[in-house]
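Okay, here's the structure, questions in a sec.
Every chain is named by a letter (A, B, C and D) in the order it is written, and numbering of its residues begins at 1.
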Amino acid sequence: MTTRWAYLGPAGTFTEEALDALLAGERDGGGRDGSQPDRLSQTSVDAALGAVRRGDADVAVVPIENSVEGGVSATLDALATGDRLVITAEVLVPVRFVLASRPGTTLADVAVVGSHPHAIAQCRGWLAQHLPAVTTVVTLSTAAAATALASSGANHDPAHDAALCSRGAAEAAGLVVLGDDVADRAGAVTRFVAVRRPGDLPPPSGADRTTVVAYQREDVAGSLLALLEQFAARGVNLSRIDSRPLGTALGQYCFSIDCDGHVADPRVGEALTGLRRVTADLRFVGSYPRADGLAPTTPPGTSDGDFVAASDWLADQRRGSTG
Amino acid sequence: MTTRWAYLGPAGTFTEEALDALLAGERDGGGRDGSQPDRLSQTSVDAALGAVRRGDADVAVVPIENSVEGGVSATLDALATGDRLVITAEVLVPVRFVLASRPGTTLADVAVVGSHPHAIAQCRGWLAQHLPAVTTVVTLSTAAAATALASSGANHDPAHDAALCSRGAAEAAGLVVLGDDVADRAGAVTRFVAVRRPGDLPPPSGADRTTVVAYQREDVAGSLLALLEQFAARGVNLSRIDSRPLGTALGQYCFSIDCDGHVADPRVGEALTGLRRVTADLRFVGSYPRADGLAPTTPPGTSDGDFVAASDWLADQRRGSTG
Amino acid sequence: MTTRWAYLGPAGTFTEEALDALLAGERDGGGRDGSQPDRLSQTSVDAALGAVRRGDADVAVVPIENSVEGGVSATLDALATGDRLVITAEVLVPVRFVLASRPGTTLADVAVVGSHPHAIAQCRGWLAQHLPAVTTVVTLSTAAAATALASSGANHDPAHDAALCSRGAAEAAGLVVLGDDVADRAGAVTRFVAVRRPGDLPPPSGADRTTVVAYQREDVAGSLLALLEQFAARGVNLSRIDSRPLGTALGQYCFSIDCDGHVADPRVGEALTGLRRVTADLRFVGSYPRADGLAPTTPPGTSDGDFVAASDWLADQRRGSTG
Amino acid sequence: MTTRWAYLGPAGTFTEEALDALLAGERDGGGRDGSQPDRLSQTSVDAALGAVRRGDADVAVVPIENSVEGGVSATLDALATGDRLVITAEVLVPVRFVLASRPGTTLADVAVVGSHPHAIAQCRGWLAQHLPAVTTVVTLSTAAAATALASSGANHDPAHDAALCSRGAAEAAGLVVLGDDVADRAGAVTRFVAVRRPGDLPPPSGADRTTVVAYQREDVAGSLLALLEQFAARGVNLSRIDSRPLGTALGQYCFSIDCDGHVADPRVGEALTGLRRVTADLRFVGSYPRADGLAPTTPPGTSDGDFVAASDWLADQRRGSTG
C-alpha cells in the first residue's frame, strides 16, 4: 500500500529535500508494487502533523532543529501536546540560500526582499552589505517567496521583488539567481524528522537518539536540576534541550529534550523511568537512528554492559546468593 | 535632555503599550523641561537594539518572554551577541486580540486573516471554530496587519481581509471589531524590557530579576548541570532558561537565563562568580526590578543575612580568631 | 537441629543481653524439639565472625553501632573483608553502666578503674567528678573487668580495684555496686546484629534496613558524592555511613553504609545497581527488619508504587504503546 | 621562653617519634636561648589536649589518622567538642612493630601477647601464623606493653609475656626482639598533628590541609550530600571524612573532614562559607602544611586564579562596567 507523506510545501522547500532524503533511506519509500509514495504538501507544521493524527497521512516530515535558529518552536509545541506522535527517523539538510528574482531584474533593482523569517535572519549580514537600503517582508515559507514572484500579475501582486530561497525553489519558479550562498554562516544545517502515529519502534541501531517532553512538577530551577541529574546519574548525554511555555503563565515551562541512545538501552530506560518519577508528566516522542551515525560515549560505569552486570548482581543478591 | 526611546512600531503594537507603561513609571519619562520623550518607531527588534548600540536612541523597548510563545528568540539572540547592552526595567502587558476589518465587512466575508505568526498561533482555536475555512497570511507585526487594511487601495492590496491585532491598533486604523478577545487562552501576557548601554545599574529594590547569558564550555548536559548547580548551591531560583544555538553546529548552545535577585545581593553575586568560573563565557545583561514585585523566597541557609554571617565568620577564622 | 550462637562473652556483657533479646524474637531461638540453642562465648568480634565463617557457629551476635561511640570499627572491618556474611536481624540494647567492686570496698578506696575503652570513654565525666584522682586500665570487655575482680587472687592479680560494667555482670561476679547508671549521657544505646553465612534473606517487613560496603573508585570526595547521589536520586535515606581505611595508604577508604529499606524494594534495588556501577566494588551485607519498626518516608516520586508505575510505563513505551 | 609539648607517652611510643620529627621541623623547637623544649608525657589524647586547653602546655602532639585503622576517634571527638583548638602542623610516622620480650624468652615460650588494640589488629596475621595458640591482652599504649615487661616483678606482674611495640620502646625497656616488622601490611603510617590554642594561623605554603567539623542540620544523607556539594562546587578535594556520633541518639552524626588547601585560599574560603550556611554548625580546626608537600590539583575553573578573576568580574559588573 502506498505510504502517504505529509510535508511543509510547496515543492522546492528544504522540507521537500528532507522528504527526498528520507524516501531514499526508507525501505517503504516506494511500495512493494513499485508504486510511488504520495507526497502531500501542507501549509504549516501543524497541518502536517494534523494530517498524521487524523489518519490522512502516514508520515509527516517537519523541521525540529536548526544550527542557527535553534529548536523549531512550532514543531516542538505540536509534538508536546495533542495526540501523541513519535519520531521514527531523522535527516540533516544543509541550508543554502540564494537571492532570486524575475528574469530582467538586477541586484540594483531590488528594494524589497521576501522570505520566511528564519531565512531573513540567516542572511541579514549579506543583505546589509549588498543591499543596505533594502526592506524585508515575511512569507509563509522560503519557497512561497519564490512562487509568489512566479505567479505575480495574478491574484495579488507580491509585496517583494526578490526572494531568499533554495536554488531548487528558484529554478522551479523560473527565477534567476542574483546572489548565491548568501547565508551569513556557511555550513548551516537543519535537522528534519519523520513523525508517525505510535506503533512499532525502529530497532536500536547502536547510534540512536531519543526525544521526550518533560513537564515540570515545581519551579524551573529545581525541576530542571532534578531532571538533568536523572540523565547524569546514568551517564546519558543530552544533545538538545528547549524550554517551552505551558501557556498558562510566565515562568511555567515544559522541556523538550533529545538524548543519546535508544529507549531499549538499559541506561536510557533507567534514565527515563527516573525522569518519569520526578516529573509531573513525561511524554515519549520516539527513539530513532541518528543521521550522523555517532555512537554515544559513556562515562565509566554507565555502559549498557555495566547496567546488565549490575542488574544481574542485584538479582543474585535478592535470591540470597552465597557468593 | 529628551530621552529617545526606540520601539517595535508602528503605533498600536503591544510594544507601544509597553513603552507607555514604562514611560509612566520612569522618572525620565518626561524631561525636566517638560519636553516629551522622543518615540522612535523601528521595524524590528534588531533595529531597535541597533539604534541604542549606535547611540541613535537611549533606550529600546523589546519583548523578551511571552506566556504562550516563550522566550522571544530575536531579542535573546540580539542581547547575547554584539556590543553588550543591559536591561534596566521590565513591564508586563496583557495580550488581548481582536479580529478587525474594514467597515462593511462581516465575519462571513472573511476568507483570509493576516497577523504576526505569534498572534495567529495564539488564536488558532478561535479561528478553527468561527472561521473553519479561513486561510492565514503572516505580517511583520500585529499592527501592520491592521494598517495594511487601512491603507489598502494604495501601493499594494493586502493579501488578507481581516487582521488579528490589539483593539488600539484596530481603532487607530479605522477598522471595526468582528470578534473581541479571540485568543485561545485568557490571561496571556508578554514581558517587555527596557534596554540601555551599560552604565549605572538600577539599585536593588528587594524584588529584582537578573539576566545573564552563559556560554557552555563542553557538552549540553554536563555544562547545563554544572551551571544549574551553581544557582542551586546558593538557593537562587531561575524564572526562565532558554537554550539558543551558537550557530556553529547542531548541539552547540548558549543559555539565556533569568534568575531572582540583584547582582548586588551576596547570594546572586556568589552564584554569578561560580557561573563565571564554570562557563566558557558569561555575559551580564542587567539587574532590574520585577514588574510583579515578588520578593525571592530563599531556602534555609541562603538568605543574604546567611551569606553575610558566613562571610564574617570566614574573616574571623582567617584572622586567627580565638573564639 | 540446635542453632549455635557465637557472641562476645563472657556472660554478663551487653552482647549477651543482645543475644537474649534476639533469641526471644527469633523463631529458631529454640529448636523445634525444645532443645536450647548453643551459646558459644567468644573473645572478640573477629573470633565470633570467624566461627560463623568456618561453620563452627550458625549465627554471630556483634555490636555494630553505638549512640555515643559510633560505628564499631572491629565489626565494620570484619564484615567488609573476608568471606561475605550477611546481617539477618538487629536489636537495640540500652547501655547502662555501674561501678562495681569486691564486697568491703568503698568508693573512697578505689584508685584504679578497669573496663573496656568504650565504657571508660562513656563514664569519663562521672569518674572526674566522683573519683578525680583515679587512673584507668583497659580490659577486653566490660564483663572481663568484673570477672577479673571475682577471680582475683588466682592467676593474675588484676591491675584495677573497681570495674565499669553492666549490673548483670557485676551480680554474676559477686560484686557490689558503688555507683549506678554512671554513664555521662543517659539513654545510650548499642545496636547489635545477628550475622550469618549468605542464604535466604529475611522477607521485606515494610520497615527494613540494608547494609552495604562500597569500595571507592577514585578520590574520597568525588567517589562519596557519586555514591550519595545514587541514593538521593531514588529518595533512599541513609542512617549510618562510616569511612574505613583500606589499609593501603592514608586517604584510601571504603564506606560502610546503612540505608532505609530492603534490597527487594524497587527503590533500594535501583539505588544498589547504581551504586554497583559507580564503585570499584560493592558488597551486600544484608537486608533485615529495623528494631525500631520505623517505616521509611519517601520524597515525592520515590515510593515503591512510583517505581513500579514508571517501570510499567517504560515497558509500554518499549513495546510501542499507542497510548 | 621554653615551649611545653604534651604528648601521649611514655617514651618510646610512636607519638614521641612524631614529637621528635615536629621539633626538628619547628622553628620554636629549641628556645632562642638554647633551652630545650619541655616534653610533657600524658596518659591519653584527652589528657594531652586538656593540658593545652588549660594552658599547662603550649602544644599537644596526637595521632589523627592511621592508614590501617582510619581516623583516631579519641582525637576526632576531643577536637570536635570542648574549647576550640587548632592544628598547626602535621607529620607522618611509619609504623613498624617488633615482637619483644625479656632476655631469655624464646618465641616458643610466648603464650600471651600484650599491646595497644590498634597494634594487635595490625599484626593479627603474623601472630596467627607464628603463634597460632597465642592469646592477647590490651594495654594503654604499645610502649606500655614494653615497659610493663621491664618493670615486672614490681607492682603488678603483667598479664603478658611478650609485647608488640616499636623497636625504640623495646630497646628502652631492655627487651630482646623475637620478631621484626611483624605488621601484616608493610608501609603502614600514622599521621600526627600538633594542636594549639587558636591564634595566628600558619601562612599558606601552597600545599596545605584544612580540618573542619561540620554538624548536620537534618538527616545523614541529605546533610552529607549538601556538604559534599559545597566542596565539589569549588573543586576542593577531601582527603578524609569521618562520621562521629553526637552521642544523643543512633543516627545523629557530625562529620570530621580534611580538605586540600588553606582557609586563606579563595576556593577553600568560599567552600567553608558555603558549608557554614548549610550546616547547623561548623568548627574550623586549622589550616597547616601537608607533610607530603603535595599541592592540590584543581578542576578547570576552580584555581585560585579563576576565583580571583571571577571576583574581579563581579566587582566590575556591580560598578556598572561599560565593557
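Following the convention adopted for this analysis, a residue touches a chain if its C-beta (ideal position, glycine included) is under 8 Å from a C-beta of that chain, and two chains touch if they have at least 3 such contacts.
Computed from a prediction, not measured in an experiment: that's the story for all the values here.
Q: What chains, if any, are shared contacts of chain A and chain C?
A: Touches both chain A and chain C: nothing.
Q: For chain C versus chain D, what separation do you get between their C-alpha means, in angstrom?
A: Here the centre of chain D sits 26 Å away from the centre of chain C.
Q: Averaging over Cα atoms per chain, report the distance between chain A and chain D in Å.
A: Computed from C-alpha means, the inter-chain centre distance equals 60 Å.
Q: Taking each residue of chain D in turn, which ones touch at least two of the other chains?
A: 229 - these are the residues of chain D that touch more than one other chain.
Q: Judged by the touch rule stated earlier, which pairs of chains are there in contact?
A: Those chain pairs which touch are A-B, A-C, B-D, C-D.
Q: Going by the contact rule at the top, pick out the chain C residues touching chain A in the complex.
A: 84, 197-201, 217, 229-230, 233-234, 263-264, 269-270, 272-274, 276-278, 282, 284, 300-302, 306-307, 309-311, 313-314, 317-318, 320-323
Q: Would you pull the chain B residues touching chain A in the complex into a rising list?
A: These residues of chain B touch chain A: 43, 46, 65-71, 73-74, 92, 117, 121, 124, 135, 137-140, 156-157, 159, 185, 187-189, 191, 219-222, 224-225, 228-229, 231-232, 236-245, 247-253, 259.
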